[in-house]
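Got a structure for you, questions after.
Labels for the chains are A, B, C, D and E, by order of writing; each one numbers its residues from 1.
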Amino acid sequence: MSIETNEEFRPKIVAFCCNWCSYAGADLAGSSRLAYPADVKIIRVPCSCRVNPMFILRAFEKGADGVILCGCHPGDCHYSTGNFYARRRMTLLFSMLDYIGVENGRTRVEWVSAAEGVKFSQTMNEFVEKIHSLGKNVRLGDLRCKN
Amino acid sequence: MSHVNKVDQIKEISGVNPLKCMKCGKCSASCPSFNEMDIKPHQFVSYVQNGDIESLVNSKSLWKCLSCFACVERCPRDVKPGKLIDAARQLVVREKGQTYLSPDEVPELLDPETPQQLLVSAFRRYRR
Amino acid sequence: MQELINRAKELLESGEVARVLGWKAGDLPYNPEPAYFEKAEDLKDFVYNGFCGANLSKYMIEASKLEGKTMVCLKPCDTYSFNQLIKEHRVDREKAYIVGVGCKGKLDIEKAKKLGIKGIESVSGAEMTDDCDTLTFQTIYGEKSVAYADVMLERCHVCKGKEHQVYDEIIGESKDTKDAERFAEVEKIEAMSPEEKFAYFQSELSKCIRCNACRNVCPACSCRKCVFDSTKFDSAQKANVDSFEEKMFHVIRAFHVAGRCTDCGECSRVCPQGIPLHLFNRKFIKDINEFYGEYQAGEDTDSRAPLTNYTFEDVEPSIVTERG
Amino acid sequence: MYKIAKENLSALFQKIAGEQELYLPVNISGQVNFAAWTEDANVDLDTLKSVKSPKDAFFPQSENLYTVTKEDKKTKIEPEALKNQNFVVFGMKACDVKGVEVLDKVFLADPVDTFYAARRAHGTIVVMACHEPEETCFCKVFGVDCAEPVADVATWMVEGELFWKALTEKGEALTKSVESLLVAADGSDEAKVEAERCAIRAIVEKLPYSDLSLEGWNGDVLLDKFNSPIWEELYKPCLACGTCTFVCPTCQCYDIKDYDTGHGVKRYRCWDSCMYSDFTMMAHGNNRTSQMQRFRQRFMHKLVYFPANNDGMYSCVGCGRCVEKCPASLNIVKVIKAFQNQGGEN
Amino acid sequence: MQRIGVFVCHCGSNIAATVDVKKVVEMAAKEPGVVHAEDYQYMCSEAGQAKIAAAIKEKNLTGIVVCSCSPRMHENTFRGAAERAGLNPYMVEIANIREHCSWIHKDVEEATKKAVILARAAIAKVNLNTPLKPGESRVTKRALVIGGGIAGIQTALDIADAGYEVDIVEKTPSIGGRMSQLDKTFPTLDCSACILTPKMVEAAAHEKITIYTYSEVEKVSGFVGDFTVDIKKKARYVDANKCTGCGVCQEKCPSKKSLSEFNRGLNTRSAIYTPFAQAIPNVPVIDTEACIKMKTGKCGICSKVCQAGAVDYEQKDEIITEKYGAIVVATGFDTIKLDNYDEYAYNQSKDVITSLELERVMNAAGPTKGHLERLSDGKHPKEMVFIQCVGSRCADNRGKSYCSKICCMYTAKHAMLIRDKYPDVNVTVFYIDVRTPGKNFDEFYRRAVEDYGVNYIKGQVGKVIPQPDGKLLVQGVDLLDNKQILKEADMVVLATAIEPNPDVRKIATMLTASIDTNNFLTESHAKLRPVESPTAGVFLSGVCQGPKDIPETVAQAGAAAVKAIGLLAKDKLLTNPCTAKADELLCNGCSTCANVCPYGAISYEEKEVNDHGIRETRRIAVVNSALCQGCGACTVACPSGAMDLQGFSNRQIIAEVDAICR
């Protein structure tokens, strides 16, 4: 199982999920058995505002093909304002990535509440599909990580 | 063309998921042609669900539906039996081939008893 | 310039300031260096002309720690940086006596060299008293004249205006130099296809030698220890390989100064490889203006910066994809 | 001596590149630096100085040393292969070549740096005389004659023709491989080159820095210079960036770092700068705690420590890149002059 | 170097059926730092926890990774197990290989591969974990109940009886809520007022309970144990301390045309009014929009007739700021608007009413004094039709997707009451399903059918057509007979869906409590923590959490009270140790972090530092760990990376990223 076949592109996708809404939404997707591709791996963070743009670039550097950030809906942040800051940060970061010519579907922010297992699963399915259509991330990866 | 195919075709044309039906009957309760029909609107859904397209296609109901879309409008579950009936008609029409009327032929065939609404919905559906 | 020197002398002699932060004449006609003057007689080397492009605000971080006040010469655009540093508690307004110096546009000697001027022995036309219309170079290979504007720094063509945002007094005249749209270059890139954009930045950034001049000169990059020098993040790579390093460095650096960058243009001025680094910062400024309303860092010392602020109705990150 | 018309140079480059790697000055996004030749490279032989010196042909800004991989809990170390292909560096200047000599002192002395040694062994240097030296040049001060450069092959560009003279065995070999494109030079050509030499030397005499004196800079003055109060004044505008270091043809300091690729760890070395606050950072902290100390180190090294250890050879070659590129207009010339002036005053 | 133990749970077949747990163990064992790896049927079981404890002791583990269900499920369990075995609980990380892996993937190879990666990320993180110790914060021994309906009253009474101070904030002029509008209650047919009023009185009289009626929560700050709440007491224009509740003002008030909110707009009230006779407090309020004095400056009759001199036209809104340790939300519900249901002619005919309106019609204090009559002409109806599921169980955007839960039972109640009181009235109920789970519920429904002759028809009504003669033509279907039915009715009653009180959205935002797509407040766990909001210290009571009948509401109210009491009974709370911390050597003192901190937890100090030999006084950020809730906003705002979050540090997250992308 350590041997990866080259036949099929299996994207590496990192999903940052806030502990209070989106991680719980992902749990609900799980307990509701709402499938989405195994390419998505979730990292739990306390709040979407914990996600440093550096983490996202780091993921791409190390070989991720897509990065998605999920947090509480604006206004519903467990910490009141965290997702508002996250929203501005990510808007600017994504715009910058677009500006330097990185395909702008590789990053995404989605607000997923603890009750939205369906939305979580749908979002992940869509996102994986999008990354499939974009193919491998070549523009932000570090060559040294590709072997 | 197999039955399975027809079921899928009807589902695809109509965009309806029969599984969403909770069998409340609001469609039949709303239907102005209910008494003319041999298969009632709510039964349409279960016929599609059970794959019995033959009966549907051969039913009187198919041609008794006025396409008034009351059932589509009122269905609380977004199942919209009217669309299923429309789709079934479409199937029949397709199987018959290119036997469309030209608009010029229509006036001759008009019967004063034909409800205007039927004509309008017919145009809506078959103009393409 | 003499007026400046006289005033500096006065202030030094009266003891009102302990030192003067300005420029000292270099050994070539175009390379004055930032310098402190503590004695009146040292001021003989004081110089202020078209080649004094350096933004002295950042030096005030260290000067604020010294005993007594420092008279600092700030050009209009430098004062934005100074305000921003006040906001971030990095300089002490009380420790500075700000002389707002006039500005007729600052020069980029690299541009002159690109015009084929070499072996420069002397330059005329760049003094503050000059009209700053034409520059004349005496060179080993003969005399050459060029339009002043053709040798001006990029930032002067998109000048924010010649008004000092903070000062104790103003000395010297200024001249409007703005003759280009601030965001025109950014818009040009925005209009490119992703492939073109990528190729453009790849080509520019591949020149980067990670000398950190852009960072070290930047008044917003005033961190005691940069994250790229810190072992805490595993981000200190210093490698120069044709891959990810430079993008990471420059994007993160631009992000760290987003909403704080006054667009002083020092990064592009000092880059030994001529990378138009301001294009990163200016993109963020343009986005901030478009998404969250006009904002000019350094215009004041108390407003909330765009990235430490929000509204409920802020645009969603998906705007990036939606606007195509 | 041979010659080749300027317009035939691309054919020459193609020919060389057909057999070995070829590095030469290329304009990329407006800046000239040494880079590998390609069909569509924008070769620029007119710009006097590349931004970076060509030292990275022998001492790259970063290079892998070895890779550590792990299988289960066992580690495996795989050293990076040494350079084993011949290559040519075309268009270096006399000062750059002198810079390589400085590097040789460091890397080829015992213990020999095998990575560097392999590159030196496989590299052929084609040097070009400086047609029009500039005001920032002061190579003469360090005994470099840019009119009569010395390397494997020496060349002069005169009036649309490149004159070519092999000086070493490697140079001969390269000449042989491209002979078909070269034309033998005659007596009048020799005269042309000689005239060029004279012209260059005449210009050099006129350069503002040519009279710079190195008097008083040697190993004996170590403590005097080290303890001078002048440093306190000099360093102040320094931004602590590494521009001077990274454009310098002789700066040789490097850092060794690890990079986790996810499949293993690559240990690489990359240029470091003594101007950086984390230079030679150790567990206890840093041995130079202030920028003054770091600034002093750079110039003491070039002008005092290095000659003290290398038979009087300075580790500055007078290329003037730092003069051009320092964001704060500081440079080694200002340092030398500052001490000179002080000497005069005292 | 850490010594890490990895424990892979089968969770019976929940994980093991899709994930090759042996393979996960084998792969995890190869990761750096891992010195122990094993799998077990149920890690969360006593035996599983014992295995963890044993390994910690035997192998001297410094950190553990449990590959199991969501950390939201058992993180605390495993932290506890670690702590009991002598390991700091924050040296535990969970790899969620159930909800995020085995339950959503079918292919064993794929799921196993993913589980290995998730384990790897957790191992990479735990390699960088450091032991953390929770801090302490105080608990204000006072609770706030938002909403004064039966849920709020019951919660307040239970908390107060346990000896804690409770404040009830009620938006309307009286407590009592929806239940006070009901006539009778199922399944016992008690009079609603008869069982509610004593509770209202008890609450009002309770020395530990303070009731703020006609008041709203304005602002909430703080956190569990230490909330600070601003309550806006709207001006009543009547001094509650002076008013005797005699009611003369209401009698004399000349403005009597305002629709009565209490009677669902079926009749009118005066401008100065108490909503209903048993209102608590029995102090009227002046409706400024209807009051002639307020609008024109003339009138003032109420003030003149008031013997107590209680009327005060100058009264102003008042803000009360109070501290609370716990907050219970009991904001209740309303019926949905029927504007999208033209087919039922609700807006066309006065004789089509909602069930809640029928409650008022049936009530002796209601608009018809308890007589069943048509609202259009006052005539006694002969035929009544009840339509079920109006706006409930809808997949379209006109109604609600959920079942409103109470309609089947109250319709049976209505039908039974009508048949009992007026045997001449025929009652027909159109239903989709009759749902009567609950003690004595089905028996109740069967009595309606069997003993009272209520005509239940399986099928829906498609259209109600008002006739010129005032009758209502109901077109429905009997699905069992497969016949369409046309029936003339005198009245039609719609079992209208209920929805959470629209104000709950605002309150949820203030409390940072999460809310679902239907505006119901989200409970912390659907099964195991049904009365707790995910926000610590906030509890849920009644319909604000989901549709409920009275007995369920009261039960949940009690449960919420117990949870609040459990919190208030503590003197100190252990705070989350995953708080931000500034590295003083890296901090610039630029204040950026303080600007984004929602809790005001960051302040600045002039502090002497020793930066590798350089001693100087610097302005440095200091985090108050009792205030910090660990969101991490500051960590990203900080340009120098001086601010980091313990437990979710930059390096830990980067290690996870690296492990996943490897």
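Convention: a residue touches a chain if its C-beta (ideal position, glycine included) is under 8 Å from a C-beta of that chain, and two chains touch if they have at least 3 such contacts.
Every value quoted in this text rests on a predicted model; they were computed, and no experiment measured them.
Asker: Chains in contact with subunit A and with subunit E: which ones?
Answerer: C, D
Asker: Please state, in steps, how far subunit E lies from subunit D along the shortest route of touching chains.
Answerer: Minimum number of steps from subunit D to subunit E: 1.
Asker: Centre-to-centre on C-alpha atoms, which chain is most distant from subunit C?
Answerer: Computed centres place B farthest from subunit C.
Asker: Name the most central chain, where centre means the mean of Cα atoms.
Answerer: Of all chains shown, the one whose C-alpha centre lies nearest the global C-alpha mean is A.
Asker: Report which of A-D and C-E is connected by more C-beta pairs in contact.
Answerer: C-E
Asker: Could you work out how far the Cα centre of subunit B sits from that of subunit D, in whole Å?
Answerer: Roughly 84 Å separates the two chain centres.
Asker: Nearest whole angstrom, what separates the Cα centre of subunit B from the Cα centre of subunit E?
Answerer: The answer is 44 Å.
Asker: Please compute the C-alpha centroid of subunit B, do the same for subunit C, then give the distance between them in whole Å.
Answerer: Centre separation, subunit B to subunit C: 73 Å.
Asker: Where in subunit C do residues touch at least two different other chains?
Answerer: Residue numbers touching two or more other chains: 225, 227, 233-234, 241, 307-308.
Asker: For subunit D, write out the residues touching at least two other chains, lowest number first.
Answerer: 259-260, 262-263
Asker: Could you list which residues of subunit B touch at least two other chains?
Answerer: Not one residue of subunit B touches more than one other chain, so the list is empty.
Asker: I'd like to see which chains touch which, written out pair by pair.
Answerer: A-C, A-D, A-E, B-E, C-D, C-E, D-E
Asker: For subunit E, which residues count as touching subunit C in their complex?
Answerer: Touch residues, subunit E against subunit C: 583, 585-592, 595-596, 604, 611, 616, 619, 637, 639-641, 644, 650-651, 654.
Asker: Please give the residue numbers of subunit E that touch subunit D in the complex, ascending.
Answerer: Listed in rising order, the residues are 30, 32, 612-614, 658, 661-662.
Asker: Which residues of subunit E touch subunit A once you look at their complex with the stated criterion?
Answerer: Contact set of subunit E toward subunit A: 23, 70-73, 96, 98-101, 103-107, 109-114, 117-118, 121, 508-509, 512, 514-517, 522, 534-535, 578, 596, 598, 629-633, 635-637, 645, 648, 650, 653-654, 656-658, 660-662.
Asker: Can you list the residues on subunit D that touch subunit E in the complex?
Answerer: 70, 72-73, 260, 262-263, 285-286, 289
Asker: Okay, in this complex, where on subunit C does subunit A touch?
Answerer: 186, 189-190, 192, 194-202, 227, 233, 235, 241-245, 247-248, 251-252, 254-255, 258, 280, 283-284, 287-288, 291-292, 306-312, 314-321
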